[in-house]
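First chain A sits with chain B, and in the next complex the same chain sits with chain C.
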Partner chain A sequence: MTDAFVSAKAVFRDGGLVIDEPAAMRNKPLANRFYFYLMMPAIIVLACITLYPFFWLIFMSLHKVDMGAAGDTWNNFKNWTRLGSDRKFVQGWWLLLKYSSLCMLFEVSLGIMLALILNRSKWEKLLVTVFLMPMMMAPVIAGLVWYYLFNSTFGWYHWLMQSLGILGDKSILGDKATAMWGIVIVDVWQWTPLIILIVLAGLKRVPRDQLEANMVDGAGEIRNFFSITLPNLYPFLLIAVLLRFMDNFRFIDAILVLTGGGPANSTKILPTYLFDVSFTFFKLGRGAAIALTLLVVTIILGMILVKLFENPSTTKSSEA
Partner chain B sequence: MATLEVVRYASKTRTVINVLTTIFLGVFLVWTILPFFIMFVSSFKDLLDAFALPPTGDFRGVGVFFNFSPTFKHYIELFTERNFATYFMNSLVASSGSALVSVVLGAMAAYAMSRTDFRGKDHVFFWIISTRMAPVVAVMVPLYAIFRNLELVGTLPGLILAYTTFNLPFAIWILKGFFDNVPYAIEEAAMVDGRTRFGAFLDILPLAAPGIGAFIVLCILFSWNDFLFASIIGSGGAKTLPVATRELVTPTSIQWGKIMAAGVITSVPMTLLGLLIRRYLVTGLTMGAVKE
Partner chain C sequence: MASITINNVWKYYGDTPAVKDLNLVCHDGEFVSILGPSGCGKSSTLRMLAGLEHISAGEVLFDETKVNDLPPKDRNLAMVFENYALYPHKTVYQNMANSLVIQKVDKATIDEKVKHAAELLELTPLLNRKPLELSGGQKQRTAIGRAIVREPALFLFDEPIAHLDAKLRAHMRSELKIMQRKLGTTMIYVTHDQLEALSMADRIAVMRDGVLQQMGTPKEIYNNPTNHWVAGFIGEPAMNFLDCNLGTVSGNTALEHSAFSIPLTSEQSQNLLGSGAEQSVTLGIRPDDVSISTNPSEKHSIEGEVLVTELLGGDMLVEAQIEGSRVTVKTDPSYEADMGDQCYLAFDSARWHLFDINTGSTLF
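Coming up: the complex of A and B.
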């Protein structure tokens, strides 16, 4: 029997038998070289546009960066030590956490409720299609539209809030007590649909036998939800929350348009502060240090997410 | 697939719950659509009409919203005075260019990674996907410096390369999933028939085609909607629609009619494209973590 046949490993994926080549091909230089060449262009391009900037970032964070003739000078970790006493930096992390948590709270609870309703609605297809629309809008356009809706002289949502007696005569984005709610509302409007989609995908995969067994044991629908449905949804919710958290690190387009971090820095979440430090004040060294803290947290979140990717319960096909 | 059939007795609680869920669904529907609707209608309003509001608390006065004579002047002015045709083309070229580059390089790399095994593969794979997750603001400064040295700032190729930073890792990650589902036996059969390895690779491409197609659309969507890269790397010669729309907001005047019109121009094509690939949306937006 040939070597290749013995070492080929068979795995089940999506119910089908797949023969993987890897082990068989390891000892065949020709095949290896072929795959290597196939992989190289992408790897080289990625290395140039990601690794190189990453090391440059580390370099910058250790220097006083001068774009003029003086050049970069070593400054004994001053960029790093100053972070501890930088109130806006600490506050930025805190606000980012607060902003993300508020968004998650509303998006996840709304998302679960709507997915449960939609799952048994006969209009599911149509309604989901409509609900998806906000996700397709560029965040910066969404920001502009909501800026218009919230405007204190001609915004319809401002008018509505006033007519309902909310807020008094303040405008939601203009007051530092409410501005955070303003940006949360926009995020909830745009991204609740994603949670609906993910939860719906999860609901289709709640094992029916467990539900039935539980009902035979006398559980009602509410009991069924908490003891069977919710635990089964858990991996889906975790993925949803992690993805949204990382997106809140990535996308500040809407916030830049809506408040720019104001009023009185009440919406200056860390990425917005970083934007200011690097692109308004051009403190590139300090910006690099802040950017690295942001990157490290992102990478940790990413590692957790990748672990979840390997969870078969979320990726196996629902048609089974 | 069968659904869980539960005998539901008609009861008062059941009726109340049904009414409540319907109301909830209705409110959410209005909440989702209203911003689109107001944007759309406002794009046809003249300046004064756009500012008309009923007095506070006067809910009967909502009709004011429809009380205007529609004008196309914002759309016409965007294209005649503001070069929106150019910006539209820039958006189109940059996003589809990057989607194409990503899908060609990505398919090759994803196929190779799906079919081969080497030490440290998991680490390489994590590095690839982590580049997709990195916050754009964080890496913008060094990227800008590189792009400036290569004289790519403000050019379309520069913008295509910039978008590739997030589209290529995404492509490799998602497409590997597609190729993992194609049995190796098919290539084996092709090679037994005398095809080369590369020929066998080309042979199985059609099997992953629907996924690849949907994926190209997603890449276009991501890059079309991007703002940060476009405003910094693309500043100058390669202005895209989101940036051009943002620039209608100036310290002295905010041209709402034009902004709403530009918003419609930017969002409508993407909304349609998004609905077209509805089936792959969950997989794409969760980077393959969830399949429908």
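Coming up: the complex of A and C.
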């Protein structure tokens, strides 16, 4: 009671705003220790749920892990050395990069286009709600929905594509040549809305006066988009790409439902292969090694993207 | 080069008019300033000229062509925005070169023009910087550079030097004027600062609440304001206004005030006769046209008391209380007075104005 009164008085001292510091802060070292104790539970929990599994993963990748009673045995880096000659591992990486870049390319370009249209539409709010629906769906459900749409006997989408002459008799998922497109379509369908949402937020922040200055400078709509809108969208696009690319590296629910990696391994992107190795063949040691490569690459790519965040307009020019 | 004609132009934002029935002509190569207080519709007018704002009614002609529906890129004009509107991801050089790059001018010519403009605006050492690394004045000059490089038929400047410090502003005033003379490009210059308008423009359009009040040369506007409001808006320090009655002194029409009674010149009486003026009028007289003396004389007959003196470099302002009113006088600093001192004023009757007390329009 009195404490509150004293601090309230301190705020109005000298007519200016004086922030009244709590007693613990006045004595810095003591205060730090105090806050440290407060944070201890959180730190311990965090260590248990993230650090422990991480080190355990490293441990596993160096051992032949046995689920039975025999226990784990050191195997002289065999999990790692075998990766180089593992064709499915190398191909898995290649397919993952292909899958991820195709998804990104279509999601970003489609997302920007649709966002531009929505941004000008009278019914923006309504349309955004409709467009967001795929995103609300659990990936497994999305996978199932499309599994049926793609079905070669009763799939509506298959029928449409076939009548347009784009597809033959084979289902898009059943053909080695087209299966990759099948899973890309599902990902694009489900996640373009996220890009739309982010880009739409970005579009509201594009400074109008810059667009106007450029128009007076003689630019038409298209040029205005590329020289003003796009550079101003840059940080927003980075966020979108960062989110999507990390998801592509992690989430395989839809793919497992759609193709399970087939046919003939044509959609066996690395995470699906990892799933096979670890949970179909229960080679947990090798699985751990594969998972670690995935983790390291994700972290590096993520760091590169975050680095790019330093918007060119806010960074200093190289010369001068 | 182009002449601009604005015919009966209106601008509505929703239901509120921002520009009302504007008529204005700007001749080829002329420097016209649009002057008015904040929110009077200056920027709206300029943006309609640039094609950035839809014209609600009326027409705008560049030379003889109606441009109402022409997009900004086809109007061949350059605009300097109130808040610079530089491209943050481009260097000063790229900002200035932008319009030429869009026109696909060859690199050597662009380089020459940009460097020339940079020279003119003292931006050469900053060409590789980005806008975030510039001071306000440098940003301003970059924005002006971007306009010059374009070599347009028309310049539109929207309060381009409003955000600079006083000294730089004075410098830029003369620089801009010299630049416009040299280039000979038609210029429409929006400002709320009368000093800028008076010192730079060939002609000034004074606006208030979206309505054009008066259009004329700085001299005309200063010496013959069309109404009470313009007279009060133009001139620093502001004109003195005193409410008077019209009376007769020995057969002549005279201005009667509780502190004085001064006959009008015969020419002024003639003017009044035609105007159908009422019994009461507002007298307007600039501080420059009032003289002050410590001793009464036949000329200095209006008695008053010094309220405050204010030294402004080469001039001194004296605020005097006469019976029923206050009067500001501009005199030279040698005049010695203290608060409360007795003083005697004289009005230069050749240079005063009378305004209709109800409508505010100028009687003479």
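Points to keep in mind about this one:
Keep in mind that, in the parts below, the second predicted complex is superposed on the first by the 267 of 320 C-alpha atoms of A that agree within 3 Å, B and C clash if a C-alpha of one lies under 4 Å from a C-alpha of the other, contacts with A are read in each partner's own complex, and residues count from 1 in each chain.
Everything that follows uses one rule, which is that contacts are C-beta pairs under 8 Å (C-beta built on N, C-alpha and C of every residue); 3 or more make two chains touch, one makes a residue touch a chain.
These figures come from a predicted structure and were not determined experimentally.
In the superposition on chain A, A:Gly218 makes contact with chain C only, while chain B stays out of contact range. In the superposition on chain A, contact is made by A:Met133 with chain B only, not with chain C.
Once the two complexes are laid over each other on the shared chain, residue contacts for A:Met113 go to chain B alone; chain C is not touched. Put simply, more of the residues of chain A are touched by B, taking chain B and chain C as the two choices. When both complexes are overlaid on chain A, the residue A:Ser163 reaches chain B alone and has no touch with chain C. Of the two partner chains, chain C is the only one that A:Pro231 touches; chain B does not reach it. Once chain A of one complex is fitted onto chain A of the other, the partner contacts of A:Pro207 are limited to chain C, with no touch recorded for chain B.
Across the two superposed structures, the residue set of chain A contacted by chain B and also by chain C is 212, 215, 314, 316-317, 319. Put simply, chain A touches chain C in their complex at residues 207, 209-210, 212-220, 223, 227-228, 231-232, 311-314, 316-317, 319-320.
Within the complex formed with chain A, the residues of chain C that make contact are 50-52, 71-73, 75, 77-79, 81, 83, 85-89, 91, 98-99, 102-103, 126, 128-130, 132-133, 146, 150.
Taken in their complex, chain B has these residues touching chain A: 1, 3-4, 6, 21, 24-25, 28-29, 31-33, 35-36, 38-39, 42, 50-54, 56-59, 65, 105-106, 108-109, 111-113, 115-118, 124, 126-131, 133-143, 145-146, 161, 164-165, 168-169, 172, 180-181, 183-185, 197-198, 201, 221, 224-228, 232, 241-242, 245-246, 249, 256, 259-260, 262-263, 266-267, 270-271, 273-275, 278, 281-282, 285-292.
Listing the residues of chain A that touch chain B in their complex gives 13-14, 16-23, 25-26, 31-32, 34-36, 38-39, 41-43, 45-46, 48-50, 52-54, 56-57, 60, 110, 113-114, 117-118, 120-121, 127, 129-142, 144-146, 148-149, 153-154, 156, 159, 162-163, 189, 193-194, 197-198, 200-202, 204, 208, 211-212, 215, 221, 236, 239-240, 243, 246, 249-250, 252-253, 256-257, 271, 274-275, 278-279, 284, 287-288, 291-292, 294-295, 298-299, 301-303, 305-306, 308-309, 314-319.
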